[in-house]
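The structures considered in this document are given below.
After this come two complexes, each holding subunit A, first together with subunit B and then together with subunit C.
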Partner chain A sequence: MSREYILRRFIRMIFTLWVIMTIIFFMFRLIPADPASLLIDSSLTAEGQQQLREFWGIDKPVFTQYLTYMGNLLKLDFGRSFFYRVPVMEVLGPFLRNSLVLMVPAVVLAIVAAIGIGSYMGWKRGSIIERWGIMIPLVLHGVPLYWLGLVALIIFSFWLRWFPSSGMRELGYTAETVWDIYFNIDFLRHLILPMMTAAIYLAASPIMLMRSSMIEVQNEEFLDVIRAKGVPERVVVRHAMRNALLPVVTYLAFLATIAVAGSVLLETVFSWPGIGRALVEAVNSRDYPLAQAAFFMWSASVVIMYFIVDILYHKLDPRISLK
Partner chain B sequence: MNTTNPEGNYGEAGRPARKGVHASRRSWLVMQFREILRDGPGTIGLIILLVFFFIAAFGDSLTPYGPNDLQYLEDGSLARGEPPSARYWFGTTTAGRDVFSQTLSGARVAVVVGFLSAIVTVFIGSNVALWAGYSGGKLDEFLMGLVDITYGIPFLPFAIVLVSLLGTSIWNVILIISLLFWRSTARVIRAQVLSLKQRPFIWSARAAGAKPAYIIYRHILPNVLPLILLYTALAVSTGVLTEAGLSFLGFGDPRFPSWGTMLNDAFRAGAARRAWWWIVPPGACIALFVTASYMVGRAFEASTDPRLREYGG
Partner chain C sequence: MSLLDVRNLEVVYQLRKGLLKAVDNVSFTIEKGEYFGIVGESGSGKSTLARAILRLLPKNGKIANGQIILNGKDITQWSDRQLSTVRWREMSFIPQSAMNALDPVARIGDQILESIQAHENITKEEGYRRAGELFKMVGLDPNRLRDYPHQFSGGMRQRVLIAMSLSLNPDLIVADEPTTALDVIVKDQILDRIDRIQKQLQKSLLLVTHDISVVAENCDKTIVMYGGKIVEYAATGPLLRQAYHPYTLGLKNAFPRLRGPIQELISIPGSPPDLMNAPSGCRFHTRCPFAQERCIEEEPIITEVEPGHYSACHFPELAPEFRERAADGQLWKQARITKNRELQVRKPSV
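Let's turn to the complex of A and B:
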């Protein structure tokens, strides 16, 4: 893979991000007939209204507004949150951290489990376990994530009383250090239910993908060559798995998109103080700078994820690196 | 999902369109239908969808009570959070409304949103794919760049922001879903068009002086129709799931309560603690609807790609 390709792909990523942020700019400004009436809520205090005007620069022409907006974006300056009254990045930092602590383990768990379960199912195609087991990801595929979360709450939180039902820590708790929030048993007890819900939900599609990819690889000749060498079957499986992984790698980027959408719903169900719930609340309270920043973070992470996966894919499969 | 099959078996549908194309297309549709019926899960899915259609069409006369009517017990008190019984099959909400009636009336939104958004999505997606794939060059680059951008937009946050700006109406929800989800249809069908373009029957059509639009709609479209049907089925499930998700977050159309709206009400009323029967039916209906359309889609897929016939159809 050439360095030139990576550079070209990088430029395309920046371009995509720029277009998305331009869409966001116009989305917030031009859709309502009179942006000022939407942005300047008369119920806000005079100070709030002034802040709004300053942030949006409504008095200036649209093009100037756009330039300021893009300039601020480059500096990651999203202005002040209307609701929290502090710079948006200060508010968003902890939210983002909380979301990552929840979603990253969930995605990793989902992928690892999906690779294991999916390749097992593909390899043992036609067995009883496979024939009935395939129903689980098939049904999970159609189950709404937040409903899965609600059912998990009903069973594990309210019937069995194993896990707390909401939040990240016990009520009334205030953290002294960042370290203190995440590294203790209480946090872990709050984490398990939403994380497992997300992991099970996210694993459904990659399981099916890995399974069908494994079925396809199963009949390839290189496996016969390996078998002919007389190596034990589990080594053959390992070789097959490595070759079956490609579609799952491509899927990773899409999984990130699903995880982003999922975090909005999941954090709402479990009252998890993450960026997803922050967006819903920001939109409801018309805290547009916050909503915009959250949106930017998501777009950026999704676009970067696609970039990484693309590069990874070319590295893993030399057959397509000619492009 | 294996949908690209360059050397694939196109069966009857793969014949280049000739005279009497309408007659053969009708028999082709019948064949597609038979194909679904040969596929076990496909048949089940189709039956479930038909049941939901029926409920959506005649829901008002099927519900035992009005979905928003307050229910009273024999002693005259409000039936708050009654567990399922012979009288209230799915129990009542904590506000005293019948869950069964609400569940039935939620089917209408699902059917309307699911199918309308699927039709618009697939209409945009397949037209983009046909023109991009067939024309190639600058147009292809531009349209595929657009697809790239839509993939970079996180759809639920995008939908939340847009719905809150445009107003929470069911038409806006359908519009937003269609605005984003044409991307997967476009990408997959374009790949198929690219391989079809290289086939002799397209060359001959071009040599005979056929205009691009004619070739695209007369010769290429019939060959990608099975894929279009598959993606319509998948788009139905995406549409229903997205609408339900938006409604669950409180961005649904208040005039047309859907299953997502029910779950939003239930969640906010703390039903997870007190009234599980309020939460289970709407979610199960979403799952059933989505899985059903997915199974119908798989049956279409199996009919395009015989290698995928794994249910022993």
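Let's turn to the complex of A and C:
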């Protein structure tokens, strides 16, 4: 893999993010509601109001605001939350962390499970396990995530009472350090249900993709040649999986998109204090800097995933030329 | 003891419509060092036969009857685990299409190494050294062992496969249409290469092809298959010079001769029989210009017409006449007419 190629892809990634942020910036300015009404108490004197406008920078023309915003963005400074009146990252940081702790393991679990289960089903096509088992991902594929979350809550939380129904920690708990929040049993108990729901939901499509990809590869002549060599069956399966994986890897970038979009619903259903919920609240309270930053985090995670998949694909398929 | 002894082999495919018998009661033997050809049209069962011998039938195919005896071991019902002791060591494989016969995402050297390491405990360096020697033998640069299949041309890939088939010095190499996907010149080079290696290393080679001229140039003995059955079986020279079966005569007509006067190519009318609904009597009767009532009613049995020469035609005594008349293109065109008339006659009864 050439260094130049990676650099070019990286520049393209930055460019993509810039386009996204520009669109988002102007989209928020098009919403017919003056954020000033939130920021500035109308009972203040005209002079006081003007001072506040200057403080928040909304006295300047929109285009100047845009340039300032982009300049700050380069320094990863997202500005100050209109609502909380503190730097955005201070508000969003913990939300982002919570989201990542939930979604990253879910995505990883989904990918690993999909590759394993999908290859097994493809390889054992026509077996009883495959014929009946395929219905599970088929159904999951067609079910909305919030519905799946609600069903999971009803069964495992309300009926079986195995897991708590909402939040990240027991009510009334206050953490001393970041370490405290995540590294204990109580957190794990809260994490399992939403994480498993997300993982199962996310795994459905790649399972089917991996399965059909495996079925396609199964008829390739090179597998017969490998079999004719007298190697153990697992070696044949390994070659088949390695080849069947290629179309699935492309899908992984798309999986990130679904995961990001799904996190809003998931965090709402499970009352998880993540970035998805933060975004919904930010939009409701017209907290533009906060909403923009949340959108940025989302877009960035998707674009980064595409970047990774792109590089991974080149590593996995020698036929792709490195230009 | 023969190297390979195939006895009364019957291979069936389970299809949605029912059972299809792709190979029907086939018997032959291959001796050590023998270059053996199987020739026939698509659908004649020749590839299925090769795959049955390699025990590489697709999931819906199975050996219904008969035996495959390799070096005195009856491998007909062996499990994959048992087969791994003879695979590649005693019997290797050069597949049909050079394009898909190698794993596209693995290095060539690693794929050759894999075939050796499946049976011998050797280091990667030693394996690569041996693979390099094999590469030299087939005229490839050993430095290219670290390349991937897509970096090779079709002809080079086929040479890679030949090199790989020799990696464990097996007694028998089964080559299933090894030159089909290649252009004429490369095809000739590859066949030459196979021929030289076969002579040099005294390997037994089973070559499956649809091209009777390939067999004519290379093989010691040849089987002609039609509709899953052997129709003629003899040493290649006598088989081509003195064919007994009209189908063999037809096949000969359909391929250009490299030497001698230019002749019009004559094709056999019609298409191979549908084995789900095989013709009665002699399976070739629907396309045979010499067919008679007996051919429709009675199935010919393969018999020794001359020492070492077997044919499955009811009229071996008429063979000299057949040979003479088969050179006439008009005759084969008439065969098509008879078939059409037959169809017309059958229609009212439906």
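Simple rule for what comes next: the second predicted complex is superposed on the first by the 289 of 323 C-alpha atoms of A that agree within 3 Å, B and C clash if a C-alpha of one lies under 4 Å from a C-alpha of the other, contacts with A are read in each partner's own complex, and residues count from 1 in each chain.
Throughout what follows, contacts are C-beta pairs under 8 Å (C-beta built on N, C-alpha and C of every residue); 3 or more make two chains touch, one makes a residue touch a chain.
Computed from a prediction, not measured in an experiment: that's the story for all the values here.
Visitor: Would you mind checking whether subunit B and subunit C clash or fit side by side on subunit A after the superposition?
Guide: They fit: once the shared chain is superposed, the two partners occupy separate space.
Visitor: Once the shared chain is lined up, is A:V231 touching subunit B (first), subunit C (second), both, or neither of them?
Guide: It touches subunit C, and subunit B stays clear.
Visitor: Taking the superposition as given, does A:E220 touch the first partner, subunit B, the second, subunit C, both, or neither?
Guide: Only subunit C; A:E220 stays clear of subunit B.
Visitor: Let me test your reading of the model: by the given contact rule, A:I6 touches which partner, first (subunit B), second (subunit C), both or neither?
Guide: neither
Visitor: Of subunit B and subunit C, which one touches more of subunit A's residues?
Guide: B
Visitor: Pick one for A:V143: touches subunit B only (first), subunit C only (second), both, or neither.
Guide: First partner only.
Visitor: How many degrees apart are subunit B and subunit C as seen from subunit A, counting from C-alpha centres and rounding to the nearest 10?
Guide: Given the fit on chain A C-alpha atoms, the answer is 70 degrees.
Visitor: On the A-aligned overlay, A:M21 touches which partner chain: subunit B = first, subunit C = second, or both, or neither?
Guide: neither
Visitor: Look at A:L316 in the shared chain and tell me whether it touches subunit B only, subunit C only, both, or neither; answer first, second, both or neither.
Guide: Only subunit C; A:L316 stays clear of subunit B.
Visitor: Just subunit B (first), just subunit C (second), both, or neither: which does A:V249 touch?
Guide: In the superposed model, A:V249 contacts neither subunit B nor subunit C.
Visitor: Answer with first, second, both or neither: which of subunit B and subunit C does A:I308 touch in the superposed model?
Guide: neither
Visitor: Could you state the shortest Cα distance, in Å, between subunit B and subunit C after the structures are superposed?
Guide: It comes out at 9 Å between the closest C-alpha atoms.
Visitor: Which parts of subunit A are touched by subunit B and by subunit C alike?
Guide: In subunit A, nothing is touched by subunit B and also by subunit C.
Visitor: Can you list the residues on subunit A that touch subunit C in the complex?
Guide: 126, 220-222, 224-233, 235, 239, 242-243, 246, 316-319
Visitor: So in the complex, which bits of subunit C are touching subunit A?
Guide: Contacts found on subunit C: 51, 54, 56, 59, 80, 83-89, 92-93, 95-97, 100-106, 111, 114-115, 118-119, 148, 150, 161, 164.
Visitor: Under the touch definition given earlier, write down the residues of subunit A that touch subunit B in their complex.
Guide: On the subunit A side, the touching residues are 12, 16-17, 19-20, 23, 27-28, 31-32, 38, 138-139, 141-144, 146-147, 150-151, 153-154, 157-158, 165, 209, 212, 216, 257, 260-261, 264-265, 268-269, 276, 279-280, 283-284, 291, 294-295, 298-299, 302-303, 306.
Visitor: Quick one: which bits of subunit B touch subunit A in the complex? Just the residue numbers, please.
Guide: Interface residues on the subunit B side: 1-2, 148-149, 151-158, 160-162, 164-166, 237, 241, 244-245, 248-250, 260, 263, 266-267, 272-273, 276, 279-280, 282-283, 286-291, 294.
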